[in-house]
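Alright, structures below, take your time with them.
What follows is chain A paired twice: with chain B in the first complex and chain C in the second.
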Partner chain A sequence: MSFYGGDDGDGSARWGSSSRGGSAGPSNITGITAGTGSRPFLSRLEDSMAGSPPPNNYDGGGGYGGGGRHFDEEGVFSAEALSPGPEEGELDDLRRLGRVWVRERGTPDILAWEGDLIDSLLDKLEQQQKMLATLRADPATSEEEHFRLVLVQTEMERAKYLVRSYVRTRLHKIEKYSQHIGNSPELQAHLSGAELQHARRYADLVASHFQHSVLDSLPEWMRRTDEMTNDGVSMVSTPNVDTPVLVYCRKDCGEITVGRGELPVQLNEGTTHLVRYHLVKRWIELGWAEVL
Partner chain B sequence: MHGDLALQLVTGSYRSTQATAPQLPLPKYALPLILAICLETRQLGAAIQAATETHGSALSQDNALVCALTVQHLAARRNKRCLLAYLHSRLGGIKERWWDAGGALAYLLSPAASANVSADVDAPDLRSALSPQELDFMRGYNSLVLDYKSDFLDVLDLAAPIDRPPGELMVDVRVLKDAGEVVLEGGERVEFIKGDRFRLERSQVERLIVQGFLEEV
Partner chain C sequence: MALPKHLQAGLTPDELTFIAEEDVIDIVPLFSMSRVRLLSGIYGPFTPPGRAQVPLWLALSLKRKRKCRIVAPEWLQVGEYVWEVLSQVERKDSKGLCELLSVSIGTIRFVSLHYFAEKLQVLLRNERDTVEGFQALPRHFIEISKVLLDVASDDLQQPGQLRSLLKDLRELRQAKTRTGMQSEGVMRGTHLDVTNMTPLELCEVKPFIIKAMGMMQSLEPEEEQD
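Let's look at the complex of A and B:
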């Protein structure tokens, strides 16, 4: 049990030096008061572990309804798990982030920044970190509870992974299209302030690198970085909206015309299609179509 | 022939995946070739300029001259495109290496980082493979991302690896290099001496693993 033993500074200051050491320590006075003090936290942690939804959901169990459990048992793409459209709003943060993350990775465009979601997740992670530290330092926490704490902690690491991967996927796209972002107000609206700042500074950085490395030694009329090449390719790279995406329709999305002169295709509820991104862009943004 | 050098530059960079594969050493910056291409482009530019000045308005009547100018013009633009493509692909590789090292710039530029892959005599370490401008870029990029990730830093480290989702919380590690005493997040102090083995939380020692101090068992 030695790796649980690490008292964090905060914990030892609060519970006194007697709490240092064993995991299921003697129930002396300080131990008991500490235990009762933190009991609500722990029971809430336990509640959230019970149905195996993510532990980040402190604020009541109302958030995850039946849909969540179907999700676990029948696989990600089962009809029960995905079909009811408006469920998006009812999902807890972690699951929503999961979807947002898949959507961001699956589309060539930069989608709207989910600032509120990320903020609330980061807040919860921070709270939970503190709670964990308190509980781990608490001698009244039993061995079994310690085991649960490890599960909670693992779940937190996964949540962090999702946040990290989401943010970095966006950063990657932002850097790729940084020059384009500078003159596209539509994309700018999709970025957070920090991302916009990053995009601008990155574009400047690359431009100055190109200038200093080669462009300065070329004839003056060739030093621009935003012209068209002879075969009509612009030097500013833009998201390729013709990239195919795999979408699942949560609602009837009407019909789309795939190519010129071809028959329109029905996007019925509950069907999966591989289509060019720009054809289903608005359905994806509305949440009617889910990127897989 | 115009553009031969540029062709050499891009095919070299296209054939080799070294620039973009972070586990391989970055090829040395092809400075002589780049200077030669710039020179060629400047000569082409001067030739075009001279032709337009001497012939002036009579330019459009002389078909042979128009042809020659078109070829020169295309060659010059192609040179520029090749140069930028070369630089850009290297930038991608530099960025990838930066993320792979978890944003540890000083470690990345130290000879130790490339000690195990320095089969190439031309470029013994990353620092000497980069041009001064690329080094500047890397430093600039470093501070740029550090700025960005500082918003998240009290909860998570954005630069931690994301190759695969976290599985186990704890990880068994063996110490490969002395790292001295390290204070972990929980306030624990661990003395890392070569050859020792520990079982620690992955998130806490991830950076040390990336930097080659520890090895997963």
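Let's look at the complex of A and C:
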């Protein structure tokens, strides 16, 4: 299979590096090969070091932080720098919300409401806020403590921004699909109580507004707002699951069939794809594919 | 409405920088303070000249108050390998090494300087050599290097050179993106492998590609009807 648009028969073009084979270990994950000529010198250097144990403490603890880096690889980045970060479950609340937010922004569908995460974060924010107010008001608070409070407050603002943006993103989708939410129990299960209530009220408001301003003055047979038009397009707007989304595969997600008459696409670990949402939906839900 | 129009197409560079600012980075504090407990974890203690690991936003905020020095990530450091190799040579079995290679220590110095001069240069060369596809970069490479150059350029060695190398690298990758988009089949397909492009680069092209793909799709003849 040739890349870079060479064969367009399968309709799936590929820009990604093709050199990332199964044999590539973590040490040369960059796929960078040494320039010509450097290898002999380096390997000899390496050989001569082989007798001096232990191999990895040459920075004497002073710490470049790089840990087990070896001279024989000319990789510019350590595997750590290139890693996509830990799994979502291992992150703290704030960074987890960051992932959740990116995912909500990147997908056309309304995803499940992360109620527990938001509740726990809001609780913590409230505690911090109380502590902040108490310490601020206390004249005995030291200069150092005041400085620390500034940092605490900065982080709180960041957290609040994330929560706000997350809720706004969902609100945007909910208002867009409010009519559809009303008759889709599946989607209703993804919403929080307040969101569901908002969706219903919003749909009612829009409906009554249309009714009063336009529809009442139209002939009876033109008054419906949920019909299919002649070319099969519904008047109720629904999330378009055909929208391509960007996903990074954290695990091997196997093969997907992208379309009729096209070759299946391998979703290997560590690759990034732009692919239709409904094809990777279950991998996103499992956390195997991360939305970018 | 709830989400302003310019945010609807996807994440903006500012928002990506916001995410990138959660990454941890090393700093050398210029003040003493015990641990500080934040929502995302406990950081510190800050005892100069020791290092501390903090999130990037914290490092930047301290830097703006001139309360710390940021330790550049390894890929933004000029010639760090040089010092590693040299100190290795000096400290350890340098004589044996010289005998083995039958060269003087000066030669080793020269060779190591030559080979390990600049990580970004190596990266740039590799990027240029890889005609198909991209080199792997850390996910927030562009965002982090940009904010560090903006806020903490005095903590970087040769910021001017770094800036131009980063610019070269970015332009090289952008050129690849453009060539990639011109190739036949990219817009016609329903799938695109964009491995090793960073989220920021992807967000640049995503709205265009998605729109183009959708449009091409609607122009394709419907085969089901046959």
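Note that the second predicted complex is superposed on the first by the 206 of 292 C-alpha atoms of A that agree within 3 Å, B and C clash if a C-alpha of one lies under 4 Å from a C-alpha of the other, contacts with A are read in each partner's own complex, and residues count from 1 in each chain.
Basically, a contact is a pair of C-beta atoms (placed from the backbone, for glycine too) under 8 Å apart; a residue touches a chain by one contact, two chains touch by 3 or more.
This structure is a prediction, so every number in the text was calculated from the model and none was measured.
Contact with both chain B and chain C is seen for A:L125 once the two complexes are overlaid on the shared chain. Taking chain B and chain C in turn and counting the residues of chain A each one touches, the greater count comes from C. In the superposition on chain A, A:L246 makes contact with chain C only, not with chain B. Of the two partner chains placed around the shared chain by superposition, chain B and chain C are both touched by A:L171. In the superposition on chain A, contact is made by A:P219 with chain B only, not with chain C. With both structures placed on the common chain, the touch criterion links A:T134 to neither chain B nor chain C. Judged by the touch definition given at the top, the superposed model places A:H209 against chain B, while chain C stays out of reach. In the superposed pair of complexes, A:H198 makes contact with chain B only, with no contact to chain C. Residue contacts after overlaying the shared chain place A:T154 against chain B and chain C alike. Residues 3, 7-8, 125, 154, 158, 161, 165, 168, 171, 175 of chain A lie at the contact with chain B in one complex and at the contact with chain C in the other.
Contact residues on chain B toward chain A in their complex (touch as defined above): 34-35, 38, 41-42, 44-46, 49, 74, 76-77, 80-81, 83-84, 87, 91, 95, 99, 131, 133-134, 136-137, 140-141, 144-145, 147-148, 151-152, 154-158, 160, 162, 165-166, 168-170, 184, 186-188, 199-203. Of all the residues in chain A, the ones that touch chain C in their complex are 3-5, 7-8, 10-20, 29-33, 35, 38, 41-42, 44-45, 48-49, 51-52, 58-59, 63-66, 71, 74, 76-78, 81-82, 84-85, 92-95, 98, 102, 105-106, 121, 124-125, 128, 144, 147-148, 151-152, 154-156, 158-159, 161, 165, 168-169, 171-172, 175, 242-244, 246, 258-260, 262, 265, 270-276, 292. By the touch criterion given at the top, residues 3, 6-9, 122, 125-126, 129, 133, 150, 153-154, 157-158, 160-161, 163-165, 167-168, 171, 175, 194-195, 197-198, 201-202, 205-206, 209-210, 212-215, 217-219, 221-222, 225, 229-230, 235 of chain A touch chain B in their complex. Within the complex, the chain C residues that touch chain A are 1-3, 7-8, 10-11, 15, 18-19, 22, 26, 33-34, 36, 38-41, 51, 57-58, 61, 73-75, 80-81, 84-85, 87-88, 91-93, 96-97, 100-101, 111, 115, 119-120, 122-123, 125-126, 130, 132-139, 176-177, 180, 183-186, 188-197, 199, 202, 206, 209-210, 213-214, 217, 223.
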